[in-house]
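Next come the structures, one after another.
Shared between the two complexes below is subunit A, which pairs with subunit B and subunit C, respectively.
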Partner chain A sequence: MNINRPCGTFDRNYFQAKELYRTPLRKTLLALFIIAMYVIPFVVGEYGISILTPICAFTIGMLGLQIITGYAGQISIGHAAFMGIGMYTVAILQKYFGFSFWLALPFSGLVAMAVGIIFGIPALRMKGLYLAFATLAAHFVIVYVISNWRSVTNGTDGMYMSRPGVLFGIDFTDDRNYYFLALTVTAIMTYLATNLARTKLGRALVAVRDNDIAAELMGINVGTTKVLAFGIGCFFAGVSGAIGGAYYEYVNVEWFGLDDSIWYLGFLVVGGFGSIFGAIAGAVVWKVMDELSTLVTPLTEALLGGAAFYASAAFSLLFYSLIIITFLVFEPRGISHRWEMIKRSYRLHPFPY
Partner chain B sequence: MRDITKKREQRYSYGLALLRECIEKKRLWTNNEDEKKAVLRVENIDLSFGDLRALNNVSVDVRGHEILAIIGPNGAGKTSLLNVISGFYRAQRGDIYFNEEKITRFSSHKIAERGICRTFQNIALYSGLTVTDNIIAGRHPHINYNFLTGMIYFPWANREEAYQRAIAEDIIDFLELEHVRGSVVGMLAYGLRKRVELGRALALEPRILLLDEPMAGMNVDEKEDMARFIIDINEFLKIPIVLIEHDMGVVMDIADRIFVLDFGNPIAEGSPEEIKQNQKVISAYLGTG
Partner chain C sequence: MEEIIKSIVLGICSGGIYALIAVSYVVIYKSTRVFPFSQAAVLIIGAYIMWYCTIAWHIPIWLGFVITCAGGAILGMFVERAFMRPLVGQPILAPIVVTLSLMLFLRGVGILMGKGDVQGFGESFLPVGAWQFGFLHLPKIQIYAFLLCAVIIAALILFYQKTRTGLGMRVVHEDHVVAQNLGINVKRIFQYSWIISCIIASIAGMLLGNIQGVGLALDANGIVAIAAVLFGGLESFSGAIVAGLTIGILQMLTIAYIAPLLPGETTMMVPFVFLLLVLFIKPYGLFGLVRIERL
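On to the complex of A and B.
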């Protein structure tokens, strides 16, 4: 039985069969959600915006990792570094070439994509854990180059970058307006990723993930598919870095350590492999956890006194680890799978199965 | 009863209409004389794994419109032969010609694009995709847009997707998979998965179809269904089919020619009647040789 769609919906042609949002209710809900995301900053104020904007940036990055790891099944332990490439691309283009942010934004993605393809080439020969180690090498190489190419990147001192100025009368130096920019880019990238997943390349990615030998024998060029997955995923990471970096108007190589790359993977598990919703959920949970862990700092101060400063740094790590372990034990397929189950049981109500 | 007859008639009038249209243009033979000509020629193949000789000087032809059965005891090298043809194993010696083109050194996906499509002895589906998506994934080389078009989802990408979906539904109808079209294949019964695999091979627009034990592990009903599908595909699409099968009853019934392998050696080739009488085959099967 097919319970992947709401009750009472039928397809009259093959165009309908591929629609993502079938019922008027779901279409309305999607529209309402998008509107709500644009209205929220008027409600939550400065503090809310300072959480929402990074969530947007990380959502884009998470979508990229979802493409590489969730869809194509190639574990990448270097994703944060590609985000860093996006940040530094914008900073360098702005500083040395006088690019505006708008012009630098696509380049941030393209440069990350090019580097991603280069480091994705080992995927032609390796898979599984071996490939994971190759991407780990990518992480170290990228961080090493950035921190030692002092004449260009300023080494570990970081670089300044600027947000876009005024466009069409909108002043993007204002945090709220910048959030709208970040949100819009996120919406576009989500749209692209969603379509990627449901068209030719998306199916090829899953085919390579599920059975690469069969995929090759069924006419899919596994090598280019894998490399393309790395390229596109890193494009997303680069754009994510540009959006996130410009928000702080500063970038430092210490922002994307190995631990960030690993948290990326961890929260992808929390969100759920192999779905767009899972990527978004993972990014949201990550940043919300981040905030929660800083919120409890005053509490620890009351308990631990002077030691609280050290404790709070450890707190976020504890938080992260706890939630990832919880998910690995109780719901290894992540939030997205849980959400599917909820939808399913709602559709089948009052029947238990 | 009447329903079944009606369904059968329907199959003959519409069966695989869209797919037939795609394949018609690329078919390897047109008139009845060509039909007897070899479209796939395997010449003097040697394949060893270390000391183990899996194939020893194997030559075989597949003709334009026949069902060729490959039989032989377990470990005879039947699967290895298919793997060599589809480029998964590299033969140490020998050549393979498809439609007079030498494909020995082609990479597997190129060979599949040429129209040499196959199923696997151990089911190799994309377990995370639904039945429909598995079949559309089989259409991969024949989908006409690049990934950027897909990501932006231009109207023509949408139209192309709908067309591919129509072909997939055509195949689903033909293989009677309607009731499971939305299910994830990992959860399906064994017999159904075998059928989905056949569907995915069909989606690739085969000009020759290689089936590796499509009926293994099935009950009698499922076997009959599968035999019917194989004969119908051979009739509708007018393509040759290479069939590895252990059930001698089925082989004798549906094969036009039989090729017998034993420990990597070709020991006989001929019509079912000839094979039935062949002394070498009998001894190989009874283990006295």
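On to the complex of A and C.
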């Protein structure tokens, strides 16, 4: 997929052409990055871990949305609800069937995938905006079912779930060890998503996004491809929900309102479409902004006096939406595009292009 | 039988406002081909402006009405100029994300305007009381709101059919490039569409605020109206009217027959199940335009 190659690197055999990371420099940087991610929790302490673990969970969800929206070009305004399905699947399987977390984790993805495929079926007949409406409807129907099927989901009171216990002598109830688990799952999912773009299906997704009529003429089954994109994206969302929900050991239907689905889409734009880096950047920016807005809340309260219980609610809405709108107006291709530009100007340094 | 007739009559009354909101979506979609999710939140803003005018500042009702319309117009103008125009020509996702974020932005503004509370119009600016026809109990407030909606929609359709600007808007609906070549200022038309739509949405907002109380929950009506727009077809006024009334009737029937059986907010959920059915069976709606694409 990577067309912009550093000057002077050529593929000498098929193995090199298939590599994800070609140059020794990039391999070293990747290895250093992964090692750094595993070392960071020893440096930043409890507070850092409490930010990093949600970032891992949301990165997985964002990768799923990147597959649906960035690769396949289908707009989903219900992604948070699919994440919620993942959370509730784990909670229900643990409560009623006594599954362990390890067994429930793949199921969370599969159930979300099945629901995603059902709501993605309208994609067989239409595209673009109309599909956005289908996912909007999916969001409302899913949230309605979860908050009103009291006998199973405990309604709006939420459900408790448990983290995985001890495995191979590692105690995952500890926050730091749980972060390692979340990071490992994120790394695996990122690897899968990166490779998906290079498979036959991944190329079909991109073809459908760029021009669905042309894709159909080339022999791609457009409907099936779109529905599959929905399924895979929702699988990621479900896994992300399982990881995120188990971190808090609790799940509540209020965690995935319509605004969360919209933030998902919005921060995907901030990160950048169609690239894995964009998805990760979007999730990181989202959660960092989340943390910033909770830090600023006492400030708004001080500014507006005691009556600020509403101001903090308004503040996060105004803050996020302004970030997203500003990004779209000034840099519609997001952070990943800027990053590519920086990389290119570094590579070509003395010359402009 | 009585129950059904009652539901249908009341449904038509409340459906008038859905039709009005649906029309406000259609106006923008027709000319710009961007679906303005933000109109759901413009309802809140309109209702709060009217509330401030009449209750907080004791301005006469007719002047409050004018100020609300002016506020809506300014909002529409600003949104189009600042956020939508830079995105002309961008892929479809960009304007959708902007209108969605704008919906939440305006919702935030609504929280600040209302200080987090639900406000009521102390006394309704439409006549209160009810007419009694046999077993039918018709609240006057609903009837007057319905009539006002009908007048506004009729005026809008006349505007589209009879004036030069309306003709320009219809041409832009056909094709942006052709319209540009004919000497129509397409950007100006986009701006007019946003202004008209925001005025309509703020009027709908103040009517709804009068009936339901002014608060953040008003945007639920706007989101339900999305189901109506889609059922009617995204580009058709007559579709919006028919579908708005249908959704109104559907909600009243839901209250009468489905709500006793199921828990929770069935009036919010049923329109969306209906929307999913529409998408499965007739995705482009009743009067929607099926655009045939070529390479």
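Note that in this section the second predicted complex is superposed on the first by the 350 of 353 C-alpha atoms of A that agree within 3 Å, B and C clash if a C-alpha of one lies under 4 Å from a C-alpha of the other, contacts with A are read in each partner's own complex, and residues count from 1 in each chain.
Keep in mind that, in the parts below, a residue touches a chain if its C-beta (ideal position, glycine included) is under 8 Å from a C-beta of that chain, and two chains touch if they have at least 3 such contacts.
Please read these numbers as outputs of a predicted model, since none were measured by experiment.
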Clash-or-fit label for the pair subunit B, subunit C on subunit A: fit
Which superposed partner A:N211 touches (first subunit B, second subunit C, both, neither): both
Touching partner for A:F172 - first (subunit B), second (subunit C), both, neither: neither
First (subunit B), second (subunit C), both or neither touched by A:L201: first
Partner chain(s) touched by A:L136 [first = subunit B, second = subunit C, both, neither]: second
First, second, both or neither for A:F107, with subunit B first and subunit C second: neither
Per-residue touch tally on subunit A - higher for subunit B or for subunit C: C
Contacts of A:P332 with subunit B and subunit C, given as first, second, both or neither: second
Which of subunit B and subunit C A:I75 touches, first, second, both or neither: second
Touched partner set for A:V222, first subunit B, second subunit C, both or neither: first
Partner chain(s) touched by A:Y264 [first = subunit B, second = subunit C, both, neither]: neither
Closest Cα approach, subunit C to subunit B, once both complexes are overlaid on chain A (Å): 6
Those residues of subunit A which subunit B touches in one complex and subunit C touches in the other: 211, 213-214, 217
Contact footprint of subunit A on subunit C as seen in their complex: 35, 82-83, 86-87, 90, 92-94, 96-98, 100-105, 107-109, 111-112, 114-116, 223, 226-227, 230, 234, 262-265, 268-269, 272-273, 275-276, 279-280, 283-284, 293-295
Interfacial residue positions of subunit A with respect to subunit C in the complex: 69, 73, 75, 77, 119, 121-122, 125-126, 128-130, 132-134, 136-138, 140-141, 144, 147-148, 150, 211, 213-214, 217, 258-259, 262, 265-266, 269, 273, 307, 309-311, 313-318, 320-322, 324-325, 328-329, 332
Complex contact set, residues of subunit A against subunit B: 2, 4-5, 13-15, 17-18, 192-193, 195-196, 199-204, 206-207, 209-211, 213-222, 228, 232, 274
Subunit B residues within the subunit A interface of the complex: 86-88, 107-109, 112-113, 117-118, 120, 124-130, 133, 136-138, 140-141, 143, 145, 147, 150-153, 157-158, 161-163, 165-166, 169, 181-183, 200-201, 204
